[in-house]
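Residue numbering begins at 1 within each chain, and the chains themselves are lettered A, B, C, D and E in the order written.
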């Protein structure tokens, strides 16, 4: 942890447990609208709280419907958004709150999204400037700042479905350079390259879970690999609340993050679970 | 009601009665100019006050001509506007007032318009950013905030005259994520889909009345369906003051919102009324 | 009503009904601590709401324990206070909130206390300056402002137990000059002099109820005289919630303020009431 | 006129007519409470407007009860006050409004009181600092600023009932040094000394009328002398509205200020008048 | 819990566990200098963390030496202080930080001290004004606010060593009126009176431990009585870290607060403990 102020350090502990984080994001409706499984934020907070998550990632608006279920969960507040899926791509963004407003609303950490390599200079510059602005504000008020920095290489070249490790190294290191305390980004399936990217970033990195896939078990192998190669946690949303067995998925992720489970052990936990 | 502060909670009560709202909007001249029936705001406030409306929706400018008639009506102040009908489309918008100014002018609630799915990324992003900015300001000053969030799907595809229920779910849920305390949006004639959209929004929703139609009685059936499927009120303007019998229309709407009338009973109330 | 702005005019209607006000104050614990009858603010709001009061007068702190009972009551928020009874006299005062903070907390009107003729120039000047400061702030934000202006002539001369009508004229007119929209002050038992004082003040005046007396019926005669001589309402606290029959007291006051009852009729209402 | 900005020059026109001013002050209740003749600000504005006054001097609070009668009268807004007569002396002062607030409330000119030579260093310093502060603010916002600067020599030495001309020279010149655009001060009955004082002040000076005296006609001789020796106008309140014949008094003052009447001609006007 | 905003509600949970609080204060050196047992803040945080405390109460300065030991403890940051013991009494106070600074430094709650009934009007007024100012700031930034409100009746009358229950009722209710979310005050040994005082305060109350006494076991009986009569927690400093067996003391307090232990059971826990 390299947080530069006492306030940042003290708030960071609300998101991590023993240096690890298991985050349930539920901010997807700002782009996709409500989806099966994420209709009720309170249900998702109860799920997260009861099955070992350390934090949730959501908007202040969703949070206020779920206060009764928040328990000890850390609050990673999303302070930016984009136009919706029916409006266009998710790269043109704006702020919902300043970091100061997020603090007043009870955030333990603030997160913004930043896509790189998207092939539109003006849009990409605006995304980076947003990240810089919020980072500077967070520094002043002792608020931990997470950059969700995603190389969206497929935007420029649809043939590329996954960022190269060099792209991830760029993303993670950008977090360091921009004053982030944490970077959330994808795992690309290249263990060695990913390990180098994380090492060169010199920041805590949590793996973004990504969209559902046809292989329900893939997430456990990916998470295991990411953790084994430097990630200090995961943020899995759609593949938890969108799963046919959300509780079992979360328990299996908990086993990976906190209990040193192998991918097979996690999969066994998932399969044995009933819900 | 999920208002996050004491000020919001206390002001919300000025717009609702027993959890229901019957709103008369008269803000149409900012786009259409004066129309038959809405020339005199004071007349419309008197109409609303005497026939059971809980609130009016208008600009501060119109309000100041009508103070003597305001009675106990809640004031939903529209703080944004667009270019006029003789200037172009109603999607390019700007603010008339900050929320703080609206508070000083006596507003009980602030409303802005936001169109989604219109097919112009820059315009849509500006609309959403406006909604986010006013919402954050309202949070700070304890002012209830209503998002009038309308899927304008016909702008992109003129063949689509009515938003799908998924579009409404998006609109309503967006209200929650942006910190709205209330969403005003259209009813699309799909009772089951509408009910799901309202439920997943987790916010009070009031049905927007929309333009006049050739069938003067249709509004009563639509309102009944919306209320039966989750709406907690209606905001009907053009089909009240533009009606041949404004008083009877308002009485019939009151019967629907507050007296549990069926659509047929409301229609009977309307038909029997003389004005 | 001479409120200088639209916001003031619109908020004034939350405190008055047909130009009359029946206010239940419950701010006494800031000086006296909790007293029999005022322990639970929520109980007092329920009492006020159910028996015809138009508004309550209390601190924001007390209000937040009583939100569920507020109903349609106007909120007159006390924004100043003094040291407590165990600390010394109630004339050395300071602010609890700015008017802007009170607005964000949901106030419909703001009140401060101001004692005149107390015989300590520095203290009296500070009281008047406080009133001027809050008044100016209220003017900017459209918040109605009530000055509780009391000639404390007994402080200088203990032999004088009641202010002369000239003192009341001073107090009420001071309210006008300082930009108050309403003055709350005592009734001194001199009908003719009081009538002149109210007339020369040119502001709405509400009668302050004062401490309990051995004669439980005296309040009804006093209120009747004050109303007959220009007061537009009353604010009675200790003699309502400190009464052996709070509900009956409030009903009798309602008869005086809103039903044109004579003092004897009010007393009959009080005596016939059971609680 | 030496006003340093266009805004000051343009607003000065509202107080003067052909370089002369006839002002009716009615701010006395802030110290004395309502007095016979000044109970109703609207009546005094009607009086002033109909009988040749160029301006009225009053608080914003009093003004708002009299808007319907204001006509073309210039508004000199008093923005400071003191404790009341029942509280103590009138030298411990505080502000009612900033100059900026006065501008928002419609003032054409702002006035504050400043007593000099009173024998209390702390109080006198505070009075001068107040005048400096308001003057600087008026400069920034283009608001004409009148200093009512009175040598209160009797406070230190009760044997002295009237300031010496050197004291008046001090007072008037202080106005210049403090950035006043106008000084209102007393006439001391020493024509030659007064003329020198006015000349050395190099500012427009208007004569303050002072309290009623047993000789109802004295005011006309005093005003004539003051005007003949450099005053450009008068501000007479108590000796107008406190007179048995307010209209005639005002007409006689008008003859002195605007028609070049002699003292005897003014007295004749007064005597012939019926009211 | 009656916190008026989402930020307050969310931060409150960091200090309480299942509605109860066991706080270790270590702010004593700001008045007494270092004392045996409180030399090393880090040691005290480790002690608190390992033996069941929910929060610590200290200055930001002390906190920064102890970050490595903070664990999950809630941070109640003291933002005011007084002159030192070698300088004079502890009643003349000033702020160390604004609430906003405390937030940036990582506080979960802010506390200030306020003594009432001390017999010095100016000092007592300044203490109350400080409490009002910090409370208003906390309201704006969503920061829970604890008033340590102590009736210091012995200051005025040395014969009185303990406040009466009416004094405690005053203190606790003052907390409510001033917008505190929590009051820390002493237990006075009158179970019935204390219960009434807490009930009339309508706020969470935690018992202040007070100075060491010759009877090491008395604290357990006092805490048991306070908890049995309405307190929701305790803040014991000197009698923990100043004890010969700090760990055992804390364990015994934990048994009282969280395990429903009787006073005798707590004493047994203390006696059996080795450190």
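Methods note: a contact is a pair of C-beta atoms (placed from the backbone, for glycine too) under 8 Å apart; a residue touches a chain by one contact, two chains touch by 3 or more.
Owing to the predicted nature of the structure, the values given are computational and were not obtained by experimental measurement.
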Omitting chain C while every other chain stays put - resulting connected groups: A, B, E | D
item	value
Relative orientation of copies chain A and chain B, as a Cα rotation angle in degrees, nearest 5	70
Interface with more contacting C-beta pairs, comparing C-D to B-C	C-D
Chain of greatest Cα-centre distance to chain D	A
CA centroid of chain A to CA centroid of chain D, Å	70
Between chain C and chain B, distance of the C-alpha-averaged centres to the nearest whole Å	38
Multi-chain contact sites of chain E, meaning residues that touch two or more partners	4-6, 140
Overall pattern in which the protein chains touch one another (line/ring/star/complete/other)	other
Chains grouped in pairs wherever the two touch, ordered by label	A-B, A-E, B-C, B-E, C-D, C-E
Chain B residues within the chain C interface of the complex	5-11, 13-14, 60, 63-64, 67, 70-72, 75, 103-106, 140-142
Interfacial residue positions of chain C with respect to chain E in the complex	27, 29-30, 32-34, 39-41, 59-62, 64-65, 81-89, 92-98, 101, 104-105
Complex interface listing, chain E residues touching chain C	2, 4, 116-119, 121-122, 124-125, 128-129, 132, 135-136, 139-140, 151, 153, 166-167, 169-170, 173-180, 197, 199-202
Chain E contact footprint on chain B (complex, rising order)	4-6, 140
